[in-house]
Every structure is written in C-alpha cells, then in structure tokens.
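Got a structure here, written out as structure tokens. Questions coming.
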Amino acid sequence: MIIPQHVGPIDMVAVIPYIAIICVLAFVLLLVPGLVWIERVVVALIQDRLGPNRVGPRGLLQSIADGVKLFFKEDILPANVDKMVYYLAPVLVIVPALAAGAAIPFSIVKIRLDSGVVEPIPMVVGNVNIGILFILALTSLQVYGIVLAGWASNNKYSLIGGLRSSAQVISYELAMSLAILCGVFICHSLNLVDIVNHQGGYWFGIIPKWNVFQFYGLGAVATIIYLIAMTAETNRAPFDLPEAESELVAGFHTEYSSMKFAIFFMGEYASMLVVSGIATALWFGGWQPLFPFLAFIPGWIWFIGKLMTFIMIYIWVRATLPRLRYDALMSLGWKKLLPMALVVLFLVALVDTLQTPSQPVGSHVAQGHLAASMVIGESQR
Amino acid sequence: MTESTPNDTNDTEPKECIEVRKIREAHPDAILEVNEFRGDTRITIKKEYIPDVIRLMRDDQELDFNFFSECLGVDYLDAQEGGYILGKDHRFEVVYNLYSLPDKRAGRGRNRRIFIKAAIPEDDCSVASVTDIYPGANYPEREIYDMFGITFTGHPDLRRILMSDDWIGHPQRKDYPLGGERVQFPDGKFGPSVGEGVVQHPGESFFGKTASVIEKS
Amino acid sequence: MGRGLAILNWSLIGFWIMAIISVCSAVLMIANRNPVRSALFLVLGFMMQALLYLSMSAQFIAAVQIIVYAGAIMVLFLFVIMLLNIGSPEALRERGGLQAPAAIVLAIVFLLLLAGVGALGGSQINHLMNPSVIPNYGTVDAIGKTIFDPSKPWLFPFEATSILLLIGVVGAITLAKRRL
Amino acid sequence: MALNSDQLNTPSLNADGIQIDPIEDSKMVINMGPHHPSTHGVLRIVLELDGEVIIKATPHMGFVHTGIEKEGEYQTYLKAVTLTDRMDYVSASLNNMAYTLAVEKLLGVEPPPRGQYLRVIMCELQRIASHMVWLGTHALDIGAMTMFFFTFRDREKLLDLTEMMSGVRMMPSWIVPGGLRGDAPEGYVERVKKVIDELPRRFDEYEILIDQNPIWRERTQGIGVIAPEECYSLGVSGPTLRGSGVPHDLRKAAPYSSYDHFKFEIPVGEYGDVYDRYRIRMAEMRQSREIVKQALENLPDGPVNVDDRKIVPPPREELDHSMEAVIHHFKIWTEGMHPPVGEAYAPIEGPKGELGFYLVSNGSSYPWRMHERPPSFMNLQALSKMCEGRLIADVVAIIGSIDIILGEIDR
Amino acid sequence: MPAVPTSYYLGLSGVLFTIGMIGVLIKRNPIVIFMCIELMLNAVNLSFIASGRHFGHMAGQMMVIFVMAIAAAEVAIGLGIIVAIFRTKETINIDEINLLKY
C-alpha cells in the first residue's frame, strides 16, 4: 500500500511520528489488559484448567473488570513512609518502559512523495541515531522505580525485594547490553531503523538475513543471551525473585495497592512488550517477513506476530520452570552470561573485522573499545 | 518385647524387662511402679531421676533408645470428686516415649518402645528438662508447660507454644474451667456456662477483669 | 526572527529551564537531610545535564551520562544508603557550628573569583556565539575515530583508564568482601 | 543504623515509642508469616538475617490451636474419631487409623482381614493424596506453579474415591474402633483400580516436569541437610528421616493392620537434603500405589468389623427384630464403649512421619487423656537446624520438604 | 539556529561547582559528600563540553569520557571504603572517622 504524501492538507511524512506515538502508547497500554488475559488463558491451557471464564465471552473482559476493581480500591498509604518517594516509584517504573518504546520501529509505510519518488518511511516515534543507547539509558533508569518502591514502603520484605530486584536488573543489564552490542556490530549502526533495514534480504532466496542467523551462529548465541537477560531484566519467571510470592510476599510492591499497584503491573507488562520489541527489531528482522513470498503481509503484522511469539515464550517459561534461587541467579548473570557475552562480542568483532577489510580497522576497534569501556563502567555498580 | 518374658504376676519378684533391671542397677530407689499393658512397658520413676534415667536409656549400649519419640503430660486429678484417679499419689505424669529405632545400615536399635513416666506432685510442679539429652524434647516440653503448667528446669526456651503468650491458666489441667465463653446472643444474654451464672472465660486473657477469677480457681 | 526576540529564542529558553532545574536540584540535594532524597535530586540534576549535553550536540556523552551516572553510579549510592540503613533523616544529625557560614562565605568568595576570571578573560569567549561545526560532531562514530586515531593523544589515556577501572573493580571487591 | 555517641547513650525511640536496638552488623529480623504464602498455613517464623543469610530461625505456632486434645477428653471413644480428622486434614484417614489402632489396643481387638485391607486401601490412597498436596505446594513455593495444578487435578480423583467410600471428601471418619463404618460400596474396587492404573502416568508427568530440571535440582540439592543422628535426637521421622538414609518405616518395623501382607520397599535417601526428601516422597507414592494394588487383588471377603456388640453397633436390619440389638445400638451410641483401665500408644507411619495416639483410659467411656504425637510438630524442630546459614529462598524449600500441616502442629 | 552562548554554560558550571563545594564543606554524611563531589565533577564536565563545542574540538568530549570513567572507579572504591568503615566503626559520621588523628 502506497500512501501519497499529502492527504488533504496533512503532510504524511511529518505526521508519521505522531501516528507512531499514538500507536505505541495505544499498543502498550491497551495490550496490557489483553496480555494479562492471554497469559491467564495460555497458562490455564498448559496447566490443564479452565482459566478466566466468568466475565464476558471466554473471560475476555476479566482484565477490564480487574482494572475497574483496582481503580476503585482504597489507596492505602502505609504508616511512616516517605510519601514523595512512595508516590514517585510507580511512575519511575512505567515511564522508562513506555519511553523506551519510542525508539523501536515497528513498521514501514511507503509514501509517494510529491516528487513522485516512493520513499519507505519507518514508523517510529524518534528515529534517533543513538536509538540503542537511548534504550539502554532508559532501561538503566528502570531500576530506580523498583529500588525506591522497596525502600519507600518501609517494609522489610519490600526492601529486600527492591534490593534483589535492582541487583538483578543491574547484573543482567550488562549481559543484555553486550548482546545488543553484538547486534550493533552486525549492522554497523546504533539506529534501530538502520538495523532493521540491514536485515532485509535473503540467503538463497529463502533464509532471511536476520541478525539471529548472521555471523555463523554467533548471532544466535547473542540472541539467546539477550533473551535470557531480557527475561531477567523484566523480573519474569524464572527470574521473578523480587516478587517471589513464596519468599518475599510480593517483593517491592507488597505495600502498594489500588492504582499504584496496577501501575507496577502495567509497567511489568509494558517492559515485557518493549524488550520483546527490541528483540524483534534487533534479532528477528523487525517488520521484515520471514519468507519472501510472505511479503504481502503488512510489516506491522509481522512485527506484532514476532513480538507476541516472545510473549508466548515468556508465558510458557513461566508455566514450566521453577524459580531460581537468588545466588544462583547472580552467578548465572555474572559467571555465565557475562563472560559468554564478552566472548561472543569479541568473536563478533573479529568476524566483522575480517569480513570487511576495506574499511579502516580503526572504527571497529573503536567500537570494541567503547563497548568494553562501557561494560567496565557498568560493572562498577 | 522379646526381653520381657511374661511371667506369673503373683510372683513377688517378677522377671523384669531389661530396662527395669538396668534402672534398678543404676538407681535402686528410682522406680515407683512398673506397668505392663498390651505389650508396652511403662516405668514410673521419681522425677529427680528423670535426666539420669533418660540418659541411661540413650547411652546404654544394650538399651540403645536412640530415638526420642515424644513426651506428653497427663493430669490425674479428678476434678469432680477431688483426689486422684486410679489410686495415684501424684497429680501429674510426664510420659517420655522413647524408641529404639532399628537402623539396619548402622546396625543399631532393637525396635523396642519404652515409656518412662515421671511422677510429678501438684505442689512441686517441675521436672528437669531432657533437652540436653534429646534436643527433640524442646517443643513437647514447651507444650506440656503450656498445657499443664509443669515447668522444666534447664529448658532453654520455656515459653508457651500453642496458647498465646498472655493466656491465663493451663488448659489441659482437669480443673481448668470449661464453657462460659462470653458470646453475645441476640437477646442480649450470655451463652451457656458451667455452674451458676456466667463464668468468666479465660478466653479474655489479657490481664484484667478475668484474671482474678482464674487465678483464684 | 526579529532581533529583539533573539534573546528569547527557544534554545535559550530551554537552557534557562534546564539550568534552573539543575541549580535547584543541586541546592535541594545539599539542603535535604534524607540521603535518599538527596540522591534523587542529584539524579534529576544529572538528567538535566544530559539534556544540556544534548543541546550541545554531544549525544553520545548525553547517553553515557545517563547510563553511567544516573543508571550506575547513583544506583550504587542508593544501594549503599539502603544497605547501611542510613536512609532515615534522624540517622545523621548535622551539627551546626561555624562550618556552614564559613562554607557559604568561602563559596561566595569562590564565585566572585570565578566571575572575576570570567570578566577578565571572558570577553573573547562571549564574542564567539556560534560554535564552529564539524560534521558528525558528538556522534559515536566521531568519538570512536577521535579516540583511536593514532595521531591524536587519546589512545594511551584511554587504555590507562581501562586499567584504572579494572583496578577499581578489584579494589571494590577486596573492600566489600569480608573474607576472600 | 548509624548512631552518634550521644545517641548511643539515649537510645532512640521510634514513632510508637518502642526502643530501637542498635543493629549489630546489619542484622535484620524478619517475620515470616503468619500470613506468609509459603508457610503452609499460619506458621510464623522469626528469621534473623545477616543480609539474606539466616542466622537463626525460630518457629512460632499455635495460631490454629483448637484444643482437640482437650476436646477429645469430652467425647466418647467413637465420637472422638471425627476430631482426629481435623488434625492432619490432608490425610484424615491416617489420623483415624492411628487413633483407632490406639483404641483397639486398649480394647485388645483387631478387625477382620477385609476391614484391615480396606483400611490399608483408604490410608494408602490418602497417603498419595497427602503427598500430592505436598508436592504441589512444595513446587509452588519453589516457583513451579504448574505442578500445583497437576497434583491437585489428580488429587481430586483420589478424593472422589474417598467420597465414594465415605460420602465425604476430606474428613471421612470412616475408620472407627472395631473396623470401618461400613463396607466398600458396589464398584469401589473397580473404580480404585481404574484410578490407580492411571497414577503411574501422572507420576511420570510430575517427574518429567521437575525431576531433571536443573533449576529444581539447584534449588533442592544440598539444601536443608540433616544427619540421621540429628533426626534421632530431634524425634524427626518419616520421609525426612528416610531422606537421611535410615530405612525405617513403621509399616515394616512394627506392622499394623496387616501391612506385613504386602510387598513394598522403603525408599531411602543418601544425602538427607531437600531433593532426597522429594525423591523419597515420589517413590513412596509409587510404593503406596503398589500396596493399594496388592490389597485390591487380595481383598478378602467377609465382615469388615469385629463381632463384638460392645464395640461395633449392630447392623441396621437387626434392629427391626432383635431387642438385644436395639439395646446394644442404644448403648453404643449414647454411652460408648468401655475399654479397660490402661494406657496405649499406637504409632503408624503417617505421610509426615510417626503418627501415634496416646490414650489413657480410666475405664469410663471417655478417654482420660487423648494425645497425638504429631509428626509435623516434631519434624518442625529440625527446621532451625536445617535453615542456619542458608538463604531465605531455601527456607521455603526446607519448609516444603518437611511437609508440615499446621492443623496437626497446633491441634 | 542561534545557539546559547558558551559563557552561559560556563556560568552554570561555576554555580553547580560552588554548590557542590558548599555541600562538601557542610555535610557530615560521607555519602552525601561523595554525591557533592560527583556534582562538582559534573559541573566540570559541563564546562568541558561547552568549551569543546566552543572551539569545535573533540578534546572536551574526550575529557568527559575520562572523567566519567574515573568517577565510576572512584565511586566504587569510595563506597567500598564507606561500607568497610561502617562495618568496623558502626558509624559513618565524618567527624567521628578520625582514626588517623591520633
């Protein structure tokens, strides 16, 4: 479908970022109740039980009912809490998650410019040249919401949950950043639109040139590291230690009720969506179709389809695996994932340098060193 | 069971099981009564000898009662008639249930159970704790203390275990008042009670109006 | 844009907003008794500085500012505050004395000094309103090429810094671990 | 908390006016429970933590104390059976069994073989059901929530069997002094066969889910280790004791209710950790199924109750034409049975360990003293020992592996 | 686009540096003092970047990268020392940490 540049008085090229903002916000905020429903239904299927089936057809309205219930619940403020921090924390959880969605391109539209040239315009809120860094910066801010929620609740379970959670997020962020840097190396860009565009095309006309298939399997290893790290980063099972209900009641949001609790909940699901979106864009070709003959399906359907696949993996893993213990979680992050990611990054840089001898070696070395220095900088925490 | 061959009970000196014999050897005047019933042996001993006898039971290679099954309290007070039932001359007994657990791997144990009973008079409601011999006596002794008010000297942590800390009285004593719980019925009257009128129930256990009633009784 | 409105251009308005917020957050940081709140105000200040860097087209530095300062260093601060349980304001009572007035006097002297230096040497600076622009200024590409350009003096300090960081890691572990 | 020197002299007070102790090297006290999701009821554990490492774990119980032992002294021997159901409510039949055996020991009677076999069937089915509850909740604590739904789904079928026998799903009270309340209904044997034929597949399903799972192994292996000697002196019995490598099972050591007729094995652990206890209970479920199978195959015909009208009321049809039967019926339901003076302790191998009832009879129709030896209560004493030096996450694994039922601990 | 004069940035930098300095001088809590030092470092960073932009030279941004790396190392070590002191002394009041005084 090709859209002309000017529909009436509206310049489509200029309008696209605003459409993208609406799409991202609507997608994330509307999909969260849907996700809850999907999760409950899928988990129920796996667990051989019925799942939600009371409110609406097949329980479809269940999450809306839950939302309404939460909205009208009493907003409890525990005694002796630091009010400012206590109210700030849920905001700090959801805002970075939503903001990080701004850098994820989720589709492409073809626009016939007035000059007659058909130009593919990516659907992304902010097509910034440091998109990946932007996302990393925002995900690194997510820890504040958790740690402050834990501290401000004036509850030991919350405090332990908050500390655990932040330590976990920090440790897995390293592996995640390194895995992302592998993708950056493969595509030679920090801009996610460039990264997705780079993944177009097919080997032998059938195997998509997605990053996950690139670099002789190194892309796949990096992808696996990223997927593990993203599960831990979003505090989902089997890494859901901060809110391990059997140990810490509900972790950092034990003392939160009503809409503040709902915001934490939405933040969790929103960050699930965002990291899945990054995975899709970075490793699985974003809006690029799986096979060339499936190109007639619109890009956004491909994107959402891939994204939902990750959500399904999330749910499946949650229903299957027991929870890791905290020290095992840390040692997995620091002793296994991080060294593995470093090795993969090194190999990726090596392969990249060997593959493109025409380019000055310096720039790759530069990237490698920068990556290393960022990693070391982060490992200080 | 194999050691205690049944003998003529009329005999003034019946053939005793090995446990009784061992106790008699070590502490000639400890045993008050030996009771055989349905194959179980119950040895009532003076309470001063409890730690020594229990330790003997555990440490003696021939006895080898390695497993501390439990201990429990019994109150023999006849609350209606006064006096003690079954002709006892002590009100409480603490029954130590010891088991010689057969462990084929370690080659230990005789698969034999023995009940050592400590006779505890009402006016000296205490007995030495055996927690240093069997750490497992910790909770049961606390429960006996809670339920019967028998104090265990030397117990590391003698607190109430099942009832709340501010509870008054020891509920499993036979003279503990029953009923009379202050339940508000629709017509404004209080619920059924024992004896005449409303007996204030120790369920209202915070030291206050009911404490004096219970402490008097 | 008219000449009279030049003083009110958007960059300048943005600068003033960011500047005021960062100064206010800095003041609140030192005025606050609760270390957690101090840390939060400092984070706010860092964010503002990241925005200031962006306004000076130093995108990479801005991103690194958030990742390293806000995402790493301040979280570490919060961690230590919470672990040592000195988050409550009563934990440390600031004692008065001559220190605070003396500090403020010193600060005023220092500011005056700075202003004096600015007045003496700032005349040349003020003339150059528009910075010279080089292509790709501030991007990752430019920074990487600058650092690793053998003709420029940055490569050796950069490597030395990485060793310093390594020493820092080892030192932190040595200090924190009760028994190695 | 950092304190100035002048603050140390005047201890600071919090908002409630309660004195705050200066914290010794970041020690933290946490109340786990009584409203904690993984204490399996209303158990409260006071944990003293150094970071996340436990220095000391002190259980506090009694939140669901209902005074069953005291109440038992005011019920006739027959009526007190219903009280015993409420102790270990996930395996009520075994409580009935232990109590009944104690009463029968006092009375000196033993039910006929069919009664004993049916008792064994009921008990072993309930043992499987109890282990299923344990497995589901234990796995849920460790985070494998699917297991919970699987085990409860299958437990329903076992509860259906109990319902078919007794009309009640959880609290059958079907095993009574003298035998059973009634014979098995039509089709019971076939239905039990059908259910137990399906069980091995279910057990396999559970094992596929978690047995080889590295996370599960990492969470359970080497955690909560307890040595056999410690078990002995603490009075720890049941799967916990067997997990430490002691092949002790009262069904073998002191067979009751014709357990000596059945072939089964005592699974034994090696290291005494949480994983061993898990393996043992899994193996025990299979062994229990074997016992049920053998009992069904060899189920003898004949009466289920002892032929003593002072213990077992006469059958309903006799009341129509026999005055003697009416008198016996009246006497047994109003006055109850009169065991001789004496004391009896009858232990059985419960799902949690040695489950015994100590009865003191003064010759009346009420027990003078009724006492249960609650296996969970004694096993809980090992908790503190197992938890020391471990993490909070291990505490839930350890509590789960001890398999406590608060109804039994608090009674 | 008219840019903000470099002197504005330098002035802001000076003000922030001074506030940080006051904080260092009057605070007792070493963690807050540390935070003030971070603020001072940031003020310096700001002036570096402003100067770099002013002269169109990458050196300003280079220096900022080094300052950040060193700040990270410094914080790790510094906080490690604070935690170690707290463990042994049970206090982190800067006035009471005077072990070297005697």
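In order of appearance the chains are A, B, C, D and E, and numbering begins at 1 in each one.
Throughout what follows, a residue touches a chain if its C-beta (ideal position, glycine included) is under 8 Å from a C-beta of that chain, and two chains touch if they have at least 3 such contacts.
Everything quoted here is computed from the prediction, not taken from an experiment.
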item	value
From chain E, the most remote chain by mean C-alpha position	B
Interface ranked first by C-beta contact pairs	C-E
Distance-maximising chain from chain A - centres being C-alpha averages	B
Centre distance in Å when chain A and chain C are each reduced to the mean of their C-alpha atoms	29
Length of the line joining the C-alpha centres of chain C and chain D, rounded to whole Å	63
Centroid spacing, where centroids are CA-atom means, of chain C and chain E in whole angstrom	7
Length of the line joining the C-alpha centres of chain B and chain E, rounded to whole Å	71
Touching two or more other chains - residue numbers and ranges from chain B	none
Sequence positions of chain E contacting 2 or more other chains	65, 68-69, 72-73, 75-76, 86-87, 92-93
Touching two or more other chains - residues of chain D	2-4
Parts of chain E lying in touch with chain C, wherever the complex brings them together	1-12, 14-16, 18-23, 25-29, 31-32, 34-36, 38-39, 42, 45-46, 49-50, 52-56, 58, 61-62, 64-66, 68-77, 79-84, 86-87, 92-93, 95
Contacting residues of chain D [partner chain B, same complex]	61-62, 65, 67, 69-70, 74, 105-106, 108, 228, 232-237, 245-248, 253-254, 341-345, 347, 354, 356, 358, 360, 362, 368-369, 371, 373, 377-378, 380-381, 410-411
Complex contact set, residues of chain C against chain A	34, 36-37, 40, 43, 59-60, 63-64, 66-68, 70-73, 75-76, 78-79, 82-83, 87, 139-141, 143-145, 147-149, 158, 161-162, 165-166, 168-169, 172
Chain C residues touching chain E - in the complex, by the definition given at the top	1, 6, 9, 11-12, 15, 19, 22-23, 26-27, 29-30, 35, 38-39, 42, 45-46, 49, 52-53, 55-58, 60-61, 64-65, 68-69, 72-73, 76-77, 80-81, 83-84, 86, 92-95, 99-100, 102-104, 106-107, 110-111, 114-115, 118, 122, 125-126, 128-134, 137-138, 142-143, 146-147, 154, 157-158, 161-162, 164-165, 167-169, 171-172, 174-176, 178
Partner chain D, residues of chain A touching it in the complex	43, 46-49, 79-80, 156-157, 160, 237-238, 240-241, 244-249, 318-328
